[in-house]
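Structure, as structure tokens:
We call the chains A, B, C and D, going by the order they appear; numbering starts again at 1 in every chain.
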Amino acid sequence: MHQLWLIPAFPLLGFLINGIFGKKFSKRAVSLFAVGSVLLSFLWVVKTLMAISPLETLYTEHYFTWIASGAALNIGFDLSVDRLTSVMLLVVTGIGSLIHIYATGYMAHEPGPNHGGYYRFFSYLNLFMFFMLILVLAANYLLLFVGWEGVGLCSYLLIGFYFVKKSATNAGIKAFVVNRIGDFGFSLAIFLIFIQFGSLDFQKVFAQAGGLADEVQAGVITATCLLLMVGAAGKSAQVPLYVWLPDAMEGPTPVSALIHAATMVTAGVYMVARSAPLFNHAPIAMEVVAVIGLLTAVMAATIGMTQNDIKKVYAYSTVSQLGYMFLACGVGAYSAGIYHVMTHAFFKALLFLGAGSVIHALQGEQDLRNMGGLRSKIPVTFLTLLCASLAIAGFPYTSGFMSKDEILVAAHHHSPAMFWIGVITASMTAFYVWRALFLCFFGRYRGSAHPHESPLVITLPLGVLALLSILGGFFRVPVWLEPVLGKAPEGHDPALVIISVAAGLIGIFLAWLFYVAKPGLPDTFARALKGLYTLVYNKYFVDEAYDAVIIRPVVDGSRTVLWKGFDVGVVDGIVNGVGSVSRGVGGILRTLQGGSIRNYAALTLLGAVLVLAAVAFTGGAQ
Amino acid sequence: MPDFSLPAAVPISWYLILSAVLFTLGIAGFLLRRSIITVFMSIELMLNAVNLTFVTFSYKLKAVDGHIFTFFVMVVAAAEAAVGLAIILTVFRNRSTLEIDEVNSLKL
Amino acid sequence: MSGNFEPTGAELLRFLPEIVLTLAATFLMVLEPLTDRGAKRALPAIALLGLVVALFSAIMAQAQPGLAFSGMIVVDGFTTFFRVLVIAIGILTILISTNYLRQEGSEGGEYYALLLFSIAGQCIMIAANELIILFIGLEASSIATYIMAGYLRDDKRNNEAALKYFLLGSFATAFLLYGIAWTYGLTGTTNLSRVREVLLSPASPDTFLISIAAGLMFVGFAFKVSAAPFQMWAPDVYQGAPAPVSGFMSAGPKAAAFAVLLRVFLTAFEPVKERWEPLLWWSALATMIIGNFAALRQGNIKRLLAYSSIAHAGYVMVAVTAHSEIGTTAAMFYLAAYALTNLGAFALVTHVARHNERYVEVNDFAGLGQRQPVTAALLTVFLLSLIGVPLTAGFFGKFYIFRAALDSNLVWLTILGLLNSALAAYYYLRIIVVMYMQPPSETEEDDLLPMSAGIQFTAWFTAAAVIVLGVYPSLVLDFAGRSAALLR
Amino acid sequence: MTLLDALIAIPAAGFLITLLLPRDNPGLVRNFTLFVSLVVFLLSLGLIGPVQENPGVMHFETNVPWIDYPAIRYHVGVDGMSLWLIILSTLLTPICILVSWNYIQKRVKEFYAFLLLLLAGVTGVFVALDLFLFYVFWEVSLVPMYFLIGVWGHDRRIYAAVKFFLFTMAGSVLMLGAIIVLYLKGGSFDLPFLLDSMAKGGLVLNPGQQFWMFLAFFVAFAVKVPLFPLHTWLPDAHGEAPTAGSIMLASVLLKLGAYGLVRVCLPLFPRVARENADWIIGLAIIGIIYGALVAMVQPNMKRLVAYSSVSHLGFVVLGIFSFTQIGLDGAVYQMLNHGISTGALFMLVGYLYERRHSLEIADFGGVSSVAPWLSVMFVVTTLASIGLPLLNNFVGEYLVLQGAAQVNFTYAVFAAIGVILSACYMLWLVQRTFYGETPHEVAHHMKDFNAREWATMLPLLALMVWMGVYSQSFIPAITASNSRTLDMTRQSAVASQPQAPGPLARLKEIFHVR
């Protein structure tokens, strides 16, 4: 026993302490518990991983039976680690710790809607860590689902952190509900897996996955994998369920960095990679995954090019990067996907934290059009963001370059078309990230606030992350993962490398051209491609479409047709109808009682006649 | 030439039919007459029709008890008559009418 | 019918209750003019005494069951059961009436005398094993009740009730009598057992004519039990008559009439049952439906209870239709349970109605829950029993009846009956709603005094009985079961 | 007199004694009834140990003649399934008494008396093994609830109360008929005896009889559950009932119906039940989605929660008629979960009402700013009721859906939609009530929990977590008794349809595509 349970236990403890007593604590104490708990679990991760290595197979610890029903169903509360898990664990706890530290500074003068804001924020954050670690450590699908839903909850709570703002709470609900739609698919997948394999434990399931009849593979496994992909699409903001992520930027920036960039949104990728043994038997499903990933990458990238809110830009870039990861999984390069999960965690977290630092410096200004020329005013932030932008643009030997290269190579291996689309997307990515960078730090300052550099608690994590985004690629994740996820397709064709690098550089150059050299150009383009521009600028009107096609009809229909119509109208109508009918009958019968003796006598006579007729003419038994 | 000679004895059935007719007349009287007194009298008529039936049957059965029943019935009828007239009297006292149709305040 | 005409002691004993009652009644009549106002207080006591003695003699009579007066009277468990029942009803009626009469300012011995005569008549009906005796008992009971219905001479409602009851009653009786005559003529006897023998013998007369006779008699009985299609009189009379008398009529005469109906049709006319089975089936159904549906719209509580009593007659008819021993048992239990429940209810109605019965609308019970919680609670018990909620006598009554019906494969009649009883819940609940869930009306000029001793005793006693029978019905049921077995 | 008899007798006695207490001393009444209910609760805990040793069979059985003609016996017993339902009732009664502490100010005595009578009634239903006894308790539990709604309810209470009474009455009279027929055919009201003679072939019913009698029972239970479309009495009853009434109604009375289905309908009419499972499950699934959709558009909090109950109970029926161990366990467990979480929801809504004197969602907003703990508890309860993992409902819903999926995957697909919708209406309720700006009158009236309210909340909160994290404390008992029930309903040999060839064979099999 290596006490894996301690890893999630620490943040849970932090959550409980801060959640229950935080109101009475000083901010210092709150930060101590919050950051401390995460750091502890980080350290515990490192310790256990070292203890258990080499981790080539799943190491599982069973604690207690969670759900059992008869002999058929027995789901344990089991945690397990292997190399795949280890990467995720280190990313989650490592980045998590940094972001917690950062947050102590960022939220420092956060009064919160009620005085509890500060402790509330950190207790939520710790709760998120707890669920995220459960998700990663889970040894069976249902426990994974626990973390899955849990992180969804925390993201709901943190997006709606400023719960006085309607837009914030709306975004929270949107996130939760869209995730629920994904979870709908995920849960169905779980039922299928249980029906097919009689268990939900990864080991048992994957062990059987190999020896299945073809038609089962074609049928059940494909269905299962597609349903899993639905779940992943919800959590990792893939088409068509990506709509919640941009709105999620309503949350405080550290949240965007931790949950909506580095960790939670990559859970989908992790889940797909984890289910690799299943996907490998479902080629159709893998194709779907790849296509969805690519589609998402392109779509999000295009939107990203037109956004003016710095966080929105990075949000769409996140969506598009996630698309890359799914592309990787789809083409069978799971390890590359996870590799990109890690590097992306580095530079995207950095981008958001940097953006946060900028916003912090500008007292909450988020619109790129009101920034500019901050290069000199907040140099540290600038430099760190520069590193991140280089990484995401795939500048040679930065982390982003390494992982993205792996993916593109694998894609090319699978189908050149995918490779080319990926490349174009890459240059778009470079373009809008650098666009943001230029608009923010170059030119002259267009805003009104008085920018000032952030304190050390903020800049320190930035520094660390900057280092990671430049050099992080040298953790050769694919190699480390081979025993678990198999070899990524080989063959480093230098041409491909050059192409992808070139694409990135072109993107950067165009951004420079548009926003530094000739600032007039964008508007001319926008005017030239009016229709296209508005379409993209308004995110292809997807939200509006959903609203018009799904939400309104359902709500109005429920009100008018179901409730007023069926419930009140039909059912109660029938019930009350029976009532009034019987009252009516009663009224008719009462008119027999006219009160006149002679009528009564007549009726009596009539009755007598009836009686005599009855006895006289009935042949006997009825 | 048709035979107009009456039967030696009146057949039993004639009495029964007669009593049935009387009974029906009683009913008709009850239903058709407006004066409470007359209505009441038609009840007496019905009872007497029954008496006739009793006597007839008792004669047919050559048993005496039928006759005895008639006396019982007459006694009961007398008692009923006494009570009935008393009730009718009170009604008349309070409403000063013997129109049966006007006694219909209790209804529905 | 031949035999010696000096009755033996045993025969006298078997006839003792009737004798006692008649003597007591006559004594009251004689005493009435001799007593001045103050002494009239003693009259109800005497009546009660007479009833109690009669009660004991009825029970003693059961010690020597058998025929009396050359087979005209029969004393068996069935007789005793109903005798005891009607006498008990009489006792409770007196307890309800005394205060009522006092507040109406017409305490008179004759009221009690009439009550006793009526009960005596009912006892004779019950014990009669012979159609003429039966007729005499029925008339004695009816005539006395006619007068009681119109007891308050100067009250228009009383007059009308009496008149209607009298005219229609004697009208129906004529049919009954005509039926008796034909039965006599066709079978040559009026003794129930002999009629049965004749009908079973090869010398049996034409079943067509005999069933006509049976039909004519059914008219008379159905009228007395207010079964459809002869129920019209009941609402008017119950509404018009003094509340205690209405209570009495809904219990005593009804029970007696059902007793003779059972005796005549299940002994004498049993051989031709396939003739009258459908008749009873339809009559039962019609009675339940008319009673329940018409009650839905009633504002006047006396009239509402009248309709309810029609409906309940329908349930008993279901048991009669089953014409089996458990059917008879069920009917007996039901009549007892219903009599207790309804007397209790009418006692409280009398109490709430107050002087000159000014408060007999359902709405006059508004807020009774606050004003007199005990009254309201007791009335609730009776209403729940009428609905047939478990742990009340009414529930077991219904339960046994429908069990008997299903036992005789009257499936549809049972289903319809059950639905009827569900529907009936509505108008009983309305009273509870008014009592507990609506505020008292302010328009009342004279406030509600506490219950008089008699009414209090009646209400508590009947309520207790209703609940005891609801928890442990065997108390009554076992005896009823054994008596039902004795019939024939 | 076993412990079980005491659990019925003590509240019944308490009911009578309470009625005798002085009217002018409500404090005494409250304390007395609270004491009684707590005693009952503690005693009921005594059932757990013995029952859990061997949950499959009846414990604490008492079987004495009550009425000898016809043979009606006072036959009671408790097994793994009834155990937790009994404890649920005994737990919620003291909570209800505490909830009503300040809420009920008029006719205090009668109110608390009726609560005790209600407890006696429902306990009786859960333990009765004699069908007649079962019916008696069934009806007895009806009366106090009728008064609780009708006397202490809101404006349209009378309509609601009468509707409640008549719906249930109409259902149950037919059940009475069926019970009598069973007696006439089987010669006894004793459920175990009837089942035994059925198994031995002593009691044979032709298909027609079976169907109609099954229907009679089923309708009676379906009204109580309530199963779509017989549910319309529920929103009225809940909307108008006082808080305690709503809690008891939702948490306990609705369970009577589901309990009846499992305890009576399935074992007595296994064949018919299985044959008709399809359309019944259809209704259940319609109920799940329908209830959720209608709940979404309710302007009144209590009605919203009421419709959510329709949705949740749909899961229960779905699980029951899936005829799988997993589904049935889930159904029974879901009864408990719904009892806890929905009970808590009604309680919290009641607390909001006591503060704001309104149930219209529109009258609220920004409550969390002024009453943070109240809001936190509400949100937690909400999350429990929308089936968040590690909270109780998740376990039940998962088992039910897994069970349903094993019978026919399509069921699971449609039923799972309800899970999505539940998130919609509940979170929307939370947003409109607790988030946003705080209107003046809310800020003015709203206070956070006081000690009494904490005392009512914490046990339920603890249970939500406990039942969600460590269901093994509860489920084994349920499983044992359910497997016995299932054995009774087991068919001789369920014919398996032939394997369709082709790649999607197994998938078709799972989806029951033929």
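Note that in this section a residue touches a chain if its C-beta (ideal position, glycine included) is under 8 Å from a C-beta of that chain, and two chains touch if they have at least 3 such contacts.
Just so it is clear, the structure is predicted and the values come from calculations on it, not from any experiment.
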item	value
Steps needed, at fewest, to go from chain B to chain D via touching chains	2
Taking each chain's C-alpha mean as its centre, the one farthest from chain C	A
Centroid distance [mean C-alpha coordinates] between chain D and chain A, Å	36
Between chain C and chain D, centroid-to-centroid distance (C-alpha), Å	44
Chain centre separation in whole Å, for chain C relative to chain B (CA means)	28
Distance from the mean Cα position of chain C to that of chain A, given in whole angstrom	78
Per-residue multi-chain contacts in chain B, two or more chains	30, 39, 103-107
Of all residues in chain A, the ones touching two or more other chains	590, 593, 595, 597, 601
Chain D residues counted as touching two or more neighbouring chains	none
Interchain contacts (touch definition) - all pairs	A-B, A-C, A-D, B-C, C-D
In the complex, chain A residues that touch chain D	64-70, 72-73, 113-114, 116, 142, 145-146, 149-150, 153, 156, 160, 163-164, 166, 169-170, 172-173, 176-177, 180-181, 183-184, 187-188, 191-192, 194-196, 213-216, 218-220, 223, 554-555, 557-559, 562-563, 566-567, 570-572, 575
Chain A contact footprint on chain C (complex, rising order)	163-164, 167-168, 171-172, 175, 208, 211-212, 214-216, 218-219, 222-223, 228-230, 232-233, 235-236, 274-279, 281-282, 289-290, 293-297, 423, 426
Chain C contact footprint on chain D (complex, rising order)	23, 66-70, 107, 135-137, 139-140, 142-143, 146-147, 150-151, 157-158, 161-162, 165-166, 169-170, 173-174, 176-177, 180-181, 183-184
Sites on chain A touched by chain B in the complex	590-591, 593-598, 601-602, 605
Interfacial residue positions of chain A with respect to chain C in the complex	579, 582-583, 585-587, 589-590, 592-593, 595, 597, 600-601, 603-604, 606-608, 610-612, 614-616, 618-622
